[in-house]
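These notes open a run of structures that come right after.
Look at the two complexes coming up: subunit A is in both, with subunit B in one and subunit C in the other.
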Partner chain A sequence: MAVTVAPGPAAVPRRPTRNTARRFSPGRAVAWTYLGAIVLVTLFPFYWILRTALSNNYQLATNPSSPLPVGFTWGAFERVLGIASTAEAQAQGGSGATLDIAIYLRNSLIYASVQTALIVLLSAAAAYAFSRLHWRGRDLVFNILISALMVPSVFTLLPNFVLAKDLGLINTFAGLILPGGLFQAFALFFLRQFMLGLSTEVEEAAIIDGAGPLRIFFRIILPMTSAPIATVSLLMFVNAWNDYFWPLLIADDQSVQPLTLALGVFKQSSPQAAPDWAGLMAAALIAALPMLLLFLAFGKRIVNSIGFSGLK
Partner chain B sequence: MVVTSQGNHATPVKPRSGEPGAVATTVTSPGRGPTRKARRATATRSAAARRRDLPVALLLILPAVVGFAVFYAYPTLRGIYLSFTDFHVLSPPNWVGLANFRELFGDDVFWHSLLVTVYFVLLSVVFGTAISLVTAVVLHRVTRSSVLRGVILLPFLISNVIAALVWQWMLDPTLGIVNIALKHLTGHSVLFFGSGGWAIPSLAAISVWKWMGYYALLIFAGLQTIPATIYEAGRVDGASEAQMFRRLTVPLLRPILVMVVVLTVINSFQVFDIVQVTTEGGPANASNVLQMYIYRKAFRQFDFGYAATMSLALFALLIAVTFTQLRLARAGESDLN
Partner chain C sequence: MRVRKAVALGAALTLTALVSACSSNSGSGSGSSTLNWWTWDDKQAAAYKVCATDFEKANPGVTVKITQYNVVDYFTKLTAGFVAGKAPDAFQNSVQFFPQYADQHQLLPLDDYIKKDKFDLSRFSVGVDSWKYTDGHQYGLPLDWAATGLYYNTDMLTKAGYTTKDVQSLNWNPDNGGTIGKMIAHLTLDTKGRRGDQPGFDKANIKTYGFGQLAAKDFLGQSTWSSFVSTTGWRLGNKANWPTQLNYNDPRLVKTMDWIRTLVAKGYAPKIGTFTNTVSDVDLLSSGKVAMETGGSWTASTYAKIPTVKVGIAPTVLGPDNKTRAVFSNSNGNTIWAGTKNPDLAWKWVSYMGSEACQTKASATGTFFPSIPASMDASAKALKAQGVDLSVFTDMLKNKELYPSPDFRNGAALQDAIEPLIEGYFGGQKNDSVFADMQAKTKTILTQK
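Moving on to the complex of A and B:
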């Protein structure tokens, strides 16, 4: 890639060097110092989670500023995962409360993946109908649906809770998943926008061959849309995985609560005056791990898709 | 299958015009000459397709329409209705007319909440946008590293709950690393979440930390659309870096910046998770943001009617703010066009 970045006018080199990118200038030094500070502030809390999670909760108080784990132990993870006995946990400064992490993890996985799969498939199907098929009233219906973008979640949360209650969906996965899983204005808008830009030639060829709209959708449009579908899937998954408010309203039973709620539960069971910070950080790390792994696997795609989703 | 492999473009930047030759051969069943049929098909395509498309289209949009009707449209109307009622969940709502709205106007806690929320929004927007903009510009000028861009995005990927927890731990008055450092440097520590003056700035800082990378990447993508020749021209005219930033970068980025500001405003007005995890609105209502107050009214005092009224007020406020912003910023226009 050609480096088009040029240093500021102040940095006109006395001796021309070959590698312009490495050329020193005060502006460049300031820029890198700034970036260094940003990276430090971004990453430090992540390190601090790890450092605290590997510390002994009692000894944390004696040496709170140590950059390394204080009294290194896996105890916090054992407490959270319920491997340690209550007595052991309390001896380490825990409340004795454990987090049945397997259940919360399962719930988070079900919630985030089912909702993502559902919304992406349904949005793609609807986007296809709104972009490639021709029918009367198409744009009107689309504009009505897209008006949902204007309604902030704060406004639908309470009535949706009442509705879920009326429908008997409290403490069910259906109640957790359906409100956000059938329709998301953003996903529909985003995928339609992409499909509008696809060339019609391929489709026409398929029509000539006698392929019906459904066949065209599954065999031609869907494969051609795989990149934006991946983008939407990632964004939807991150959203659902991190969702807190809706699960808080809809799920007060452990059997359906996702990890985000589990952290709150764990925190509340820990004494106010002397919280089990090591345990909390261990739990936070476990809750964040799937996202961090996803990021390791798809980091570049996620990074590129953010810009893409913004430009539309 | 050729069709499938065609779909795997690596970059989602622009819809690629399909290569008709390749696909046509795969979909065409062997032994059929498309030419005559093609001519007839193109002639009658629109009319025939329209008739054939409608039922399929209705089938395909059905789930989305149901989802919209059941979970967006109906709740919106019902929310408006409930705001005119006295509703405590267990018994059916009673129509009380404007009573909730009258209560709203006399409710000091509500106005305080509004003030606190606006304060939070202002801090988040000003600092969030400024830091994201500077970060994006600096990144764009000195490096193309996607690793670095990935690193700043990390906080966006974790939940608000985790972000709030780790910052509450780092800002802890006695054991928190930030306070230990502060005490070292200034001699005293700060009750970040325990003092009225610091609660909202602390929450805003967490929010900025969480969203900065995301917004920086949006702005970064906008920067990539600005042609380098514009800067070259500026340089030829003898403009300094600061001048080019002010006269070229910022005006050309206006549509993206407006989007970032609008998104930040909409998100910040609805802040809840980080408040619920850290201060729960305290101390003494100092961080009782609107969303928190609504939640407490509805789920602690079960006053759903009044909570709905406050939601409606917040909704109206959001619409007004967003429209004003778009108006003021002439969002649709870019100086590039």
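Moving on to the complex of A and C:
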């Protein structure tokens, strides 16, 4: 049954309000074109990664500039996820390397999250001490700690490695996590700057109410510092997740190796050998996926944190 | 409150996972019957799994664990292993690094085992001497051997009016390039379809280069200039093994390098840097960017699997005398770490890997050439059934056209010193005088302790 809608009262022509006016102007067109171009340039590499990941590795080079996957296959993803058999992987130009991705994912999660938790807890505690306690030589000690920011991490690799070896921490999570987790100059500096700005009156009120230093720290200071803590956590988590060289030195087998290391098998295996490009790209995508999810969930916060800290 | 509980639960779970992971790790790590073997070659890692399974069957209670790291990380990880006392029991080793490791006493001399087991080294046709050090000890067994050949795009060759027979006996000289020089010019195509030897050829807009990368920084020239200059009787070192200088300033090499520069200047071969290091020989040929190139024997089976491009293999060029062919060949070795807790077991595994039974099985996929002739024949046969003809390489071996790469000290330092100079030469920043510098540098580096 057709319903005819009775014409209503004569529609009042809507007066254009200032905010919704979308009149065409050359400036706006240029701005949009520019924005569009930037977005395209930014996203294109991701598309290219995906396109390569969905290609057959043997066919890939026969049509290197094809915008679509060459010889479409899910094979590369199957190789990375460890569900392709060695023979299948080799037939598609893979190495025959297989991965038990669940274990590596678990390791990466443990590594990144425990390290982040450690950094946040220890840096916040230290930052609180440096911002509140007064003692002779405090600034000197603080400056010495902060000068660690100027030491390139390559310099500390070997001493750390030898120390880890002497402590028997090679190939353990403790060895993996502790060197980066116990001290991060940046996190300390960053949190201290923020805590210096917190008013002491709240703490004094708490002291009158009978709160001790630990209680003040956990119940008052930490909640008040939650925004910068979130920033530091995100940055440190991303750092740890992407870390490659330290795990390479310290982790020997799949019981502790993080994902980044495991995916290294898809890199060029030997000089002059053709790398498994498709596998490498699929691996890169999968390794980046958790970061992508993190960004989707906390995008605003990450953008804020970059603006906040000036770090990427 | 609910959020806090969830967080607490999450933290508890993470910690449990951490603890259980740690404990499971320490349990398996101390087992004495696990034998670790490392390789940088992903394909060999897969190939030798077959041997590992057989070895485990023959030796109940023993587990062989094969680990692969890509070559960039491999030697870093190995060194870290030496320092930490956690290097693998046995591992694939490269001639470039072995003298250094032997000097550091990280390698177990195999002489006593060889004598005790009456292990016959003559079973290997190539590579045994490469693994003997200046102290007289044998530190490794050859795992494989490699040579180079000419790979060409069959369609492009036919279109240019050549038959596959024409490529089988090409000759070369540094003055006019010989028959291969003519062929390279004719195979080169500009974007308008004109050939390199036709009038109007536009060398600035090349569609297909007649030959692959010759102007490359590789200081040994294995898959670039070596097979050309070697036909003149030139050799890399002033001695077959442990040279005290490398002959970069020999007029024969200088002339060869000049020939390469003219080839590049005419647009017949890519300039240095036209393709990045990550672009492999396989990529170049299968994308149609080059019509012919020198490539390693280890890529023969890969070319055969490219679905849309037909690639043929020919032997490398004959020299100016039209009969000498000389190809640089190298062998990776299998060595045992001096710090292994199971030297006897490690030797058992290494010597098993050096047996005909294992080599034949592992090389069936054609990803490497075994050093044992009978295994090589079996491998060639298996590959022939898959349509890959390796006779070019086996003939070189039989005709004694291969010569082994020299063992030399300080390989890494040498590479670091020489490659920028070669790069500068091909990049046009340096002229022929660079070769005297290079030779002088090798003298200093090779005689350094």
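Criterion: the second predicted complex is superposed on the first by the 253 of 312 C-alpha atoms of A that agree within 3 Å, B and C clash if a C-alpha of one lies under 4 Å from a C-alpha of the other, contacts with A are read in each partner's own complex, and residues count from 1 in each chain.
One rule holds in what follows: contacts are C-beta pairs under 8 Å (C-beta built on N, C-alpha and C of every residue); 3 or more make two chains touch, one makes a residue touch a chain.
Quantities reported herein were computed from a predicted structural model and do not represent experimental measurements.
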TODO: After lining both complexes up on subunit A, report clash or fit for subunit B versus subunit C.
DONE: clash
Task: First, second, both or neither for A:P64, with subunit B first and subunit C second - done: both
Task: Per-residue touch tally on subunit A - higher for subunit B or for subunit C - done: B
TODO: Give one of first, second, both or neither to describe whether A:V41 is in contact with subunit B, with subunit C, with both, or with none.
DONE: first
Task: First (subunit B), second (subunit C), both or neither touched by A:N171 - done: second
Open item on the list: Just to be sure I read the superposition right, which of the two partners does A:D252 touch: subunit B = first, subunit C = second, or both, or neither?
Closed with: second
Open item on the list: For A:V162 in the superposed arrangement: first (subunit B), second (subunit C), both or neither?
Closed with: both
Open item on the list: I'd like to know which partner A:S113 touches here: subunit B for first, subunit C for second, both or neither.
Closed with: second
Open item on the list: Touch test for A:G264: subunit B only (first), subunit C only (second), both, or neither?
Closed with: both
- [ ] Identify the partner contact of A:R219: answer first if only subunit B is touched, second if only subunit C is, both if each is, neither if none is.
- [x] first
Task: Touching both subunit C and subunit B, counted on subunit A across the two superposed complexes - done: 61, 64, 161-162, 165, 248-249, 264, 267
Open item on the list: Could you list, by residue number, the parts of subunit A that touch subunit C in their complex?
Closed with: 56, 58-59, 61-64, 71, 86, 90-91, 93, 95-97, 106-107, 109-110, 113-114, 117, 161-162, 165, 170-174, 248-249, 252-253, 255-256, 264-265, 267-276
- [ ] Please give the residue numbers of subunit A that touch subunit B in the complex, ascending.
- [x] 1, 3-6, 8-9, 27-28, 31-32, 34-35, 38-39, 41-43, 45-46, 48-49, 52, 60-61, 64-65, 122-123, 125-126, 128-130, 133-136, 138, 141, 144-145, 148, 150-163, 165, 178-183, 188, 194-195, 197-199, 201-202, 204-209, 211-214, 217, 219-220, 222-228, 230-231, 238, 241-245, 248-249, 260, 263-264, 267, 277, 280-281, 284, 287-288, 291-292, 294-295, 299-300, 302-308, 310-311
Task: Interface residues, subunit C side, partner subunit A - complex - done: 11, 14, 17-18, 21-22, 24-26, 28-29, 40-43, 45-46, 49, 65, 67-73, 76-77, 80-81, 83-86, 223, 278, 280-284, 286-288, 296, 298-299, 302, 305-309, 365
